[in-house]
Each structure stands twice: as structure tokens, then as C-alpha cells.
């Protein structure tokens, strides 16, 4: 904690960044924005930090204040790499204060982040419990699966907390906000809720780092990570996709290989 | 307000027999936006088209749906009719009631219901159609031909003869390509250089052709009609404007022992050289890697002896931009390196040579002045084994495909050898003899019957060199069903034909596809064998697949005809089905840029009045876009749309189902 | 005193259900407690502040307000059924009940919203006094109390250390409900538990005064930095009532829907021309705070906040309106 | 009163005409006499309505005809979004949905005996047109009437026929102007931006009410000119065009400061507006 | 078994599935044309939406089709290597590999969502495909009875 605070303070003191985005040392570990060196004493990090702070990097208010530094556990580091690969971060304008558990790993630029991830976190895997939940659901009949989601999606209020939480959701005009044509119903009713969550998950294919921020943010507790996990697993198994390691990566949806599977094609 | 006309065709009995056309037109007349619903025996007939034209004018129609045959059959017909009546042709759509309905269903109620649905979908779509205008692209009537072999020369000459300018780019110091290296050509045994060199000279002197030898394509921008190609003019160190080709320099050059590539390494050249005496242009270049002046700053002899002061050791690569409207790729081939075959000596046996080496041995202008001498000791070989399909038709070590020309040139080699060494033995190992060409089979028969070439059906399993210098060829005669061992003096391998190195990179520059072996992909294997997926880029010769000379020349002329066709009008007209980006909502994730098969989706900077970049977005180049719509479907915010198949149209179609 | 054992709340629900009420109560599911329709067999979780508020049953998140049959060349109006089922919200928090009076104001200040009023009339609110509060609760700062009765038709007060609940009828509807549930209620003495102690955190009037004068304060830019612009706060809020009207069609019918909306969304005020009067999140967060503590009191003489704390409890980014108000009050001093 | 707030009534398009590129005017007839009567009982100039196309939604704009012509209403709108696009595609004979009239109105009863100066830019003439017609229909009750109307180009001027009528009337002073470069060869009006033309015109502020509608930049630059001429903030009127959905003071969208534009507006004096947070409009 | 002839209730109409197909213009649409030219008979339940290329098909189209009442969806385009646009079908293939797994998790499985390569030469394959898909969906029953992705009536 001390090392993190010192590193953040140094960045601000040396004016290498105008803002350090971190977690605050209070209950719930909410986002905290240190703009002055003396603010850095309020920074903290531990496993209860659920927000993916990379989500702020897409906000115009934050982009207006670049360069910034972000306190970043591994999943957030990966998000930074994804955003770099998708040309969302101007080069050299975002630094990561890498943290993991209790340790502060240092200050890294985008290239350094990728290097750190490859060196130290190349084997990050989804939580086994999450995969078990997916597996459990897949073992049910299609009708049971439909009923499961019917019950879940009926709770959705369309507050879009999932979208706000996600660093991958940086579109200035979300597809659900496009009204000509309005593909996804904005009413918080069955089919619109279903299409919304399914498409939002699909739009993260090959980009989601399974940080869990969407599910954590959902006020209704929808099991959104099931959708992300099934896509993550499929993308890994079929295409070897591991989002968030290669800042030069081509988008998974938007590239192809002649060897891609099509055994399901008739 | 939408005023849609629906016209249902009976197609004689073809549709009417199964679909109740009157019921369909009556149902259509009640669909939202429809003001006219009619049916008629033959819509595509003159009276049928007249019905449509009349309704467009009288009813002030804003859209038309024709329920008839497949749009693949008559969409052009009906769109032309609509245009004649003053309606933008892209406001007409067809519902396929014949191929997709009446011909495949027999139950009248079901077929009629389906027909109504299909019409409803198209009515819903056409209400969202917008008038489109064919895209017009001005054409720069200059062609770029890449590759100065016979394919490139032929294409360039044909285009030039058609009155259009050509830039002919060749990476080597001279044009001529492989054909210049051949001794005689099958099946007529014409002297290759005798028939080629006049063309080379013509190409160099033609007022419409700009020759750029010792040059390569460095980068490509633009699209059909409007390419800007940057050519790297490699440093020659000899100013061609001053050089008279007198030869004093290369006669005096002290660096003498460089294997000459043109002679397949059998002859030698200097560090300053022309590759062969009939080279065009006949101006030397300095091989910087071997020149001691350029490497160590010592020597300078050529500069001293040059009477015109043409030698320039400071010369550097230059980049030159050319604007062209079309491109012919004619980069040719090379022979596969048989070093991969360890059992044939792995490339280490000097008397195991490839076909080009044999051509040079047989050539009157070659290193042996046309005498057959084996490389190791210069002796005349008395037994020569020719081995076909070396690396071809072998998907383990070599290539899966047949290289097509080897059967013929091997027959030619055997024949030439027998003409020159009357007491020599020519043994040919073959898998099959593929001699499907005019006079080809006869030619092979002649080699066997008149010239006594011994053809053995079978493979060679091993070639080893005995201490006495003989090559022991272990093979099998599969017809006789016995092993064969031959003590040979020379072995000639008919190596597989493969694309030139760097051809893949070149393909990427032009957006041309290539297959797993690196041969360029034609747009359609049957019907568009000269075009590529990149509009305005055509293929000629062996860069597309192994070919012999007549085939290569045919394709080159075909490519030239395509180019001249393209240049026949000052503007190109293209179907306006292209993608567009909504710059306000584009988040610049670059997925479309990655996905576009044509490189049409590109980065674009939005700038303010002072030129300051405000933000970057994606943009679509109208000239390059072919309208597949892949960009639109990878766009998460649906900021990319495809004219003709817009989100609005598809959404409306789905809502009508 | 009319009492019922806390563990027998489902019996009360059953009795009300039998008497024709649609019973809404806090029910836990997948770790989240929310107000939903009770059904036999479901446990009631009286202690929690549900993730949603009771407004869901007056002002549903999506509702058809007009209907049209689409026909060749046009359309014709189709009837919309107004559903106003007799409903009881059981174990509403006092802050939920208090919110109803604030909602009544906007839905009736000039034009009267018939659909809302019909449901409001059909709804009986039985609140449950709070014997504990968490760090997000601040009803006492906005004129409420853990045992406040505003907006409620009846109130249940914990007694005997939470074992018992004492029912007080407050209105006619409350009395009718008590009558309907008489069979499950006992009459007898009970020692009321002390309501939760919740010190006042800020003076809402002082906050309102500062807000009215400090629209352009640089405070907003900094205070809103963490806000990610979702609608979780507004949708959980018992008073927030912004909505959108959207048409949805298939080829046969168009339904005009009233859907919840939030001033926190960038799209909320975006003009078709592309102009957005509230171009950034600070402007939108300012609107949210101003509307609750300045605009609404000016216009409707009531705060648009009852201190339930749901917005802060659910906010993924730790935006806390009470803390914001504390800071504002400090700025005003 | 009907408490089914979002239930519209139907109106049929009697005539539709194009005013300018992307600008169209409808004359709408009521389907039911009761609806007509109820409408005109409440309608005053400056009020607005919600015009809808089922499947696309509703759009807000003013009623552009005066209550003195009570057999129909007219509206003029520009294609800017999904709903206005759908409305533009409609023709005479077709129906739309309508809710209204909503909002407050210009206090013309208070203006009796005073001079009136109307300043409009581009598509902002329609909100003022109902007022002008209302005044002209009751011409004797008011003083001098001056109309200054500017647009980007001559083609962008709306109500071209009516402008000619007004120009021909001796009791109206009409000044039209187009931005430099926007004139046609036969253009007879002025060339220049509205604020400059107003300065040149220099109408007296004495006993005069100014009504000002137009794009924000025009308003911003015209207000100082009016102030310079001596107009006080309470004598300058305008309409606000915030995004609206419900029209009845519920949905929260048009809220600016302490007002709901759809209920407390859309007509405001400059004095009212100066009390609203400028950063929210 | 009860005697059936005494039943007065009308027999329920046999379930006729509604199937929406998204096909590319160059291969499958042409293949369907060929089926027609060859007069191959097949079930009439499918309605084709023509697009230039499978690369154009956004997964949203599929969800919209289900939402609007399709009981099944077919996506069909050119065989690998045959795409008129060189690689649109490869892009599509990758998309569908992921999307079908996602939909399977939500209960839309192989009996509702079909993919195929049908070339312009495969008229017979197209006809067989339509028949096969129709038979499978008939067995699976109406989609609207069971899924959250349907449009609420």
C-alpha cells in the first residue's frame, strides 16, 4: 500500500500525470481520483476492489485530463492492453500502477503492461467456480436454460450499470441508443432485456478480460458472467484468443483464419 | 410518402400454375405504402415493362416491387425499365416467386402464402430504399505492369499498341525473364532468344512504354482507376543516360568469379555486369555486395575506364511515384529448390542440376557455348538421367500440384541432348506424361521414337555419387515391376514451378489474394481467370499458376484486353453498394479496418479549421469498397452501414416477416 | 395492540392474498432482496432494504400507454387496458412510503396521471419501522425518520427484540387491510423496540440554498468524476420518475411505451440536432442533485429524496449523495 | 379532463406543402368536433403539441396557426430525426397522432396598444407566425408591427407566400434578409446577418415588445443589439426548444433550473431566462 | 385409450414452423435458384432474406428474427474459399462459432439455429437442407412458447 501511494504521489509530483485513478481507502473501496500529491494517502488496494477502473479511460471527462495513471490489478491491466489494441488510448498517455493482492508491482506504460502480463500472468484462467456454473447450466435442457434466463432477465431494469462498468463499452453511441432502426427494444421487458444482455456479451467476444465488473455492478444480481465466460472459453478453445496480452492484437471478431472450425456448418 | 407499386408476374404458367398471382397482387395492394398491385402474364415482356413504366409515371411511384423470377435473371431488365420511367433504378426490388417459390412448392395455398410473404418483405425493404447513383471513378489511362518476363512484355506491348501508356517494372537489370534463358522452346524448337529479343527491344523503344528495370514496387495507394504506386529504383551505380553500353567497365572489372544467376550459376560474371549479352537495357549495373569499391572503398577501376563518366559510386535507391489506373501482375515463377530432397543429394551434388541449368548448357549463348558439359569436370556426359515431377505432386516434401510444363521441357531436354551427343543415353523417369497441348503429344513421341529418349515409368529413390564421379541413380520401373540402377554422368531434375520470392508481399500491397502455395488468386477460376479480387489488378503468366509460354502469352494479352477495356471510358461506373461510416458515432475501435477484405476501411482524422486533429474515426474508400458489408456487421455501435442493404432495410424486412 | 410474530409474516401475506390483495413484499432471491409479488412458500425478508423500491408497483419500468393497429395506409387507435390491481406493499421501508407523497406531487401537479393515480388508489402501504440503519441510510437528514409514517397506510413496529411486530393502522386503507388480516393478528401487549438511531448528517435546506446559487461551481466537475453514467441510482430511487416514450412495432401493431429513463444518461437531453445541453457527466450529476434538493422543493414543496440510501448502496463507483450533500453544506458555511 | 395523458387523438392531414429544403407544413383537421372544440378552448399562441407517427414516436413543435382560425391547425417542421423524417414522408389524407395544446403562451392580451417587433431566424418563424397572424387578425388592437426575418439562403425562408402578403400590407413592416452569399439574383430583401440588419433598422424600444426566436448564435448576438436599442429584459420574449417527451411536466427531460419548459414554457421573457442556469440550455 | 371419435374439440392445427434464412447473394441464393430451376420440391416454411455476403449478417439480425416469431433461423453462405468477397464467409464463420455457443447457453440450440455452406451448384443440397431443418424444427416445437428472446404479446 505504501509503495503504491508513493509511486502515485511521485507521478503527480513530477507532473507525469494529471490524475491518478485508484481505489479509495474506505468501505467498498470506491473509485478515487487523486489530483494532488497529498491525495495519494487515500489510495488503497485489496481484493475487495471490484470496479474495473479502465472503464474511466473511455470517459470524455477523463480523456480531457490525459495523461493519467490507473491503479490496475491484472484484469485491469488486460483491459488497458485491449483498449490499446483498439486505439482507444493515445500512446504514452496512460500509465498503470500495477497491483496484485498486497503487492505493488510498479509503474508501467502500455508496452510495459503487456510485457508484465506476459511475464507474470500468462496463465490467468477464469475462476473454476465460474466455469462450473457455466457447465452446470449447460447440463440442463434447453428449455430449462431458457426458463433460467427468463427468470433472470425479467429482473433487468435496463439501468445499464453493466455497460457503465465495462471498459469495453466505450462507444459514444451504444447500439441500444441507435433509434433508426431501433434494433434493441429499450423497454425493460423480456425480449429487449434478453437481446440487450446477449448482444452486450457478444460485443465483448475476444475483448472481455473476465474482470467481473459488470456482474458486480448489476443492482439486480444478474449472472452476467455466465455469458462472458462461455464466450471466453469458446474463444480460447477455438481461436486461442486471450484478450489483453497483445497491444497489437487484431480483433477476434474482425479477423479470421482458414483453419477456423466449422464442423457445425452443414 | 411511400407510393409503392407491386407487379406480379405469372411467367406464363411458371409462377401462375402454383401461385395464385391475382391473390398475391390483391394482398400486396393492401400492404402499407402500396398504391398499385397488378399481375400480368409476362412482366418481362414489352407490354409488361410498359405496365410498370406507365404506373411509375401515372401513379408517381416511389418504389417498385416486381414479384417474378430470380433477380439474378431480370433485376437489370426491370431496373432499366424503372430508370426509363424516371425512377431511380435502385428503388426497384424483386421478390423471387419462381425459383424460390412456384418451382419448388406444389401446394397452391402454401406457395401463395409464401409468395405474399416474400412480396411483403420486399415492400417493407423498398420503402426504406434510397435512390443510389452508380459510383463514378475517373480513370488514369496508364497501366502498371509488374514483371518484365514474356508475360509482362506481352501485356505491355498489347496495352501500348492499344494506345495507352504503360509503366513496365522489372526487378532485375534486364527484361526478358526466364524465357531469355531458354535454349529452344517446345514443341517447335524455335530459338527462344530469337523470338524473344525483338519483343524486348520493341518494349524498350515503344513510345508508350516506360521501362523501369532494376526497380520494385515499394507501396501502393488508391484503387481501381486511381492507383498511386511508389517504385523503388534500385541504385545501379551506372548512369544509364551516360552509359553507351560499350563494355569497357565489365571487361576491366577485377572481381571476376561471381556465379552468374542468369546462367544458373554455371557461368561467371563480374561485379559490374550485364546479365547477358542481349540484355535490355544493355547497360551494366554494379553488384554492390561484390564490388570492393562499394564495400571497402578500394578499386574504382570501372570509373577510371569509363569514357563517359557514367559510373557513380554515390548512387542510391530512389523512390518514384507513378499514377496508374490498372495493374498487371506478371511476376512469374522460379524453380523449387530440390535441396529439400536429401535422397537426391540435398543440392550438394554438382552434377545434379535443374532444368534451367540444362537450358543454359544447351544454349548457344550459354557458358559452354551450347556444348553439353557437366559442371563438375566439364566432361561431356554420356548418360543423362532426367527426372520429372521433382517436388511436384508430392505433398510431403514438395508441392501438391502438377507443375504442368516439366513433361514438355524434359522431352525437349532429352531431345536436345540426343541432338548434341549422338552416342549419349537419355533416360527419363516419369510418373505420367502430360502432353495436352497443340503438337505436344507428337513432340514427346518424337523424343522417344525419333530421338531415342528412354522413358522409364517410375520414381527415383536415391542418387549417390560414386568415387569415380558417376552418379548412381536407383529407381524403379513400375511398368516392368523391377528396380533399375543407372550409372549416370548428369542428372537433370524437373523441379517444381513455384512463385517468385516476395510475391506474397506484393500481393498484400495490391490487396490480391494468393493460395497456400503463394500463387495469386484469380477472381473466379473459370469465368474471371484474369481478374483478381482487387478491382483493376489483373494477372498474367506463372504468378497465377504454372504455365508454358503460349498460355502465358495468351493470358498476358487477355490481361491487356481487360486493361484496355477498363481504359476505354474516361470514368468507371460501379454498383453503388458500398459501406458508409457515421463519423459522429464511430468510436474508432478499428474492427472494420481489420475486417475489410479490400483495405477499403481506413483511418480518418477529423480536423478542425486550423487542421488540428480532433479525433480519429474509420472511413471507407468508395473506390476500394466492394460492398460485402463485413465492416457493418463487426461494428458494435452500428456506425457503419451498407447502401442497398442498410440496417433500416433489413430491420424492415425482418419486421415484415 | 395488534401484533403478529415476525416469523408469521407469510401467514399475513397469505391472509391478505386470500382477501384479494396482490401482496408485494421483500423477498430474497440469488442473494438479492427485492420487492416482488409474494407467492405461497416464499419467505419474507423484512430486515433488508430491497434493491428496488416500491415505486415499481405504481410506476412500472415499462408500461404501454397507447396502442395502434397498423393498417394498409395508416393506423387506428387500439384500446389500452388500465390495470389497477388491489395491491399491498408489505414491509415497505418508511423511506419508501414517504417517497409516495413526493411522487404524488409530480404526477398530479397540473395534468393528473390517471394510470398512476388508479394504481395509487388501489395500493395499500404497510411500512415496517427500522430498528437498524446502515451507513447509507440518511432519512433523518431529509425530514424522515426510521419509524416515520408519512405515506404509509399502516406501520409495523418491531417489538420484543424483533420477535413481534405491532401493527398500527394509519388510514382507512390501513384499517381495511387490518380487518382483512384480522385472523392472523393477535391482540396483546408488546414492548416496542427502539427505532434505529440515525443522527442527522446534513441540513437539506442549507444544501438547497447552496445549490440554488452555485450552478456553475467548479465543485461539480470534481464531484462527478467517479460517476459512470448508468441509471442504477435513478432506477433504485423511490422518487426518481424520469421516463421516455418509445414506440415499438411489429408489422401488425404499434405500442407506445413509457419506459424509465434517467437524467444520468448522456442520451437523456441529446437533441436530434446533436446539441446536448448537458454534455458531460458533471452536468448530469449536478442535475440529479439539484433536482432532488433544489428544483423539486422549489416546485413541489417537498424534497425528491427520502434518504433510503439505495443509490449509494448500489452505486458501483461509490457515488454517495449524502456525502455530496455533506460537502455541499460545508461549502455553504 | 382526460387523465389518460399519453393517449393522443387523430388528426388528418388536409394539405401538405414543402416550405424549404427539409421543411414542410401540414394543415391538420380534427377527426372529432369535440376534440376541435376542446383544443380551441385551451389554445393560445405559443403553445405546442406532440405530433406522432405510430411506430416512430412523437415529436414536439409549436402550433403555427392562430386561435383566430379555428377550423384547423397548422404546423411547420424540419427533418432532424426519426420522427420528423417519418412525418415528412406523409401526404394529404393520412393521419397522425396529436397531443396538445401544451405549455404556456405569449401574453398578447397584455400587449394591446403596444408596438410589436418580431425577429426570427430560419425555421424559428413558425412559433412566431401564429402570433403574427393572431395580431393581424386583431390588427386594430395593436400598434406598429415590424417583422425582421432572416435565413441562411433565400431558399431557406419559410412561408414565402405569406411573406409576400405581409410585405404587401401597409400595416406591417417586413424586412427579410439572407446571409451573405445566400441571395438569389432576383433577391429583393437585405443581405446580412440579423443583428446587423436590426442595428440598421433601429426600431424604437418605446412602448415596444420584442419577440425573438432563432438559432442560439443569432439570439446571442441579437440580444446586445436589443439592449442597445433600449429594450428591457421583461419586454423581450422568446421560446425555448428543449427536448421533450411527455409534454405534461412529468418525464423530467425538459427541466431547466426550476422550470419544466413543457409546462412553465415554452414562452419566456429574457428576464425569466436570466434566472435559469445558462449551462443547462 | 379413450375413444377418439367422440371428441368434439377440433384437432389442433399442425404446427407449421416459421423459419427465417439469411443467405448470401452469390452462393446460397444462387443455390436456391438452382433448386428452383431443377424443380426440386421442398417444404415451404422458409423465408429468405438476401444479403450480399454472410459477412453482412449481424447476430442482431438473428435475434430480431427470433423476437419477431421465427421458430428457427438458418444462416447460409459460400463454402470456405469461395466467398465472392474473398473472406466475408470466414469472418461470418468465426462470429457464428462464438454466437451459437452463447445462444446455446441461453437455450437456443442446434434445433433452432442452423448454419450451412451451400454453393451455387448445390441446388439439391439446398432443398435437402430446407426439408431437414423444417423437420427438425417441427419436432422442436414453437419457439415462442419457451424463450425469453420472444416478443411479449
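The first chain written gets the first letter, and so on, giving A, B, C, D and E; residue counts start at 1 in each chain.
Just so we're on the same page, a contact is a pair of C-beta atoms (placed from the backbone, for glycine too) under 8 Å apart; a residue touches a chain by one contact, two chains touch by 3 or more.
Since the structure is predicted, the reported quantities are computational estimates derived from the model, not experimental observations.
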> Based on the averaged CA atom positions, which chain is farthest from chain C?
Replying inline: B
> Closest chain to the protein CA centroid?
Replying inline: A
> Computing the C-alpha centre of each chain, which chain sits at the greatest distance from chain A?
Replying inline: D
> Looking at A-E and B-C, which pair shares more C-beta contacts?
Replying inline: A-E
> Approximately how many whole Å separate the CA-defined centres of chain C and chain E?
Replying inline: 45
>> Centroid of chain B to centroid of chain D, CA atoms only: how many Å?
In response: 64
> For chain A and chain C, what's the span in angstrom between their mean Cα positions?
Replying inline: 31
>> Give the residues of chain E touching no fewer than two other chains, as numbers and ranges.
In response: 64, 68-69, 87, 91, 95, 151
>> Show the residues in chain A shared as contacts by 2 or more other chains, in ascending order.
In response: 175, 180, 183, 189, 253-255
>> For chain D, give me the residues that contact two or more of the other chains.
In response: 81-82, 94
> Taking the complex as given, what residues does chain A use to touch chain B?
Replying inline: 86-88, 170-175, 178, 180-181, 183, 203, 250-251, 253-255
>> Taking the touch rule as given, give the residues of chain D at its contact with chain C in the complex, in rising order.
In response: 1-8, 10, 52, 54-58, 80-82, 84, 94-95, 97, 242-243, 245-246, 248-253, 255-258, 260, 263, 277, 279-281
> Any idea which chain E residues touch chain A in the complex?
Replying inline: 59-60, 63-64, 67, 80-81, 87, 90-91, 93-111, 114-117, 129, 132, 146-152
>> Residue numbers of chain C touching chain D in their complex, please.
In response: 65-66, 68, 70, 73-75, 77, 80, 82, 106-107, 109-115, 117, 215-216, 241-247, 249, 254, 256, 258, 261, 263, 268-273, 277-278, 283, 287, 291, 294-295, 298-299
>> List the residues on chain B that touch chain C in their complex, please.
In response: 30-34, 120, 124, 584, 655-657
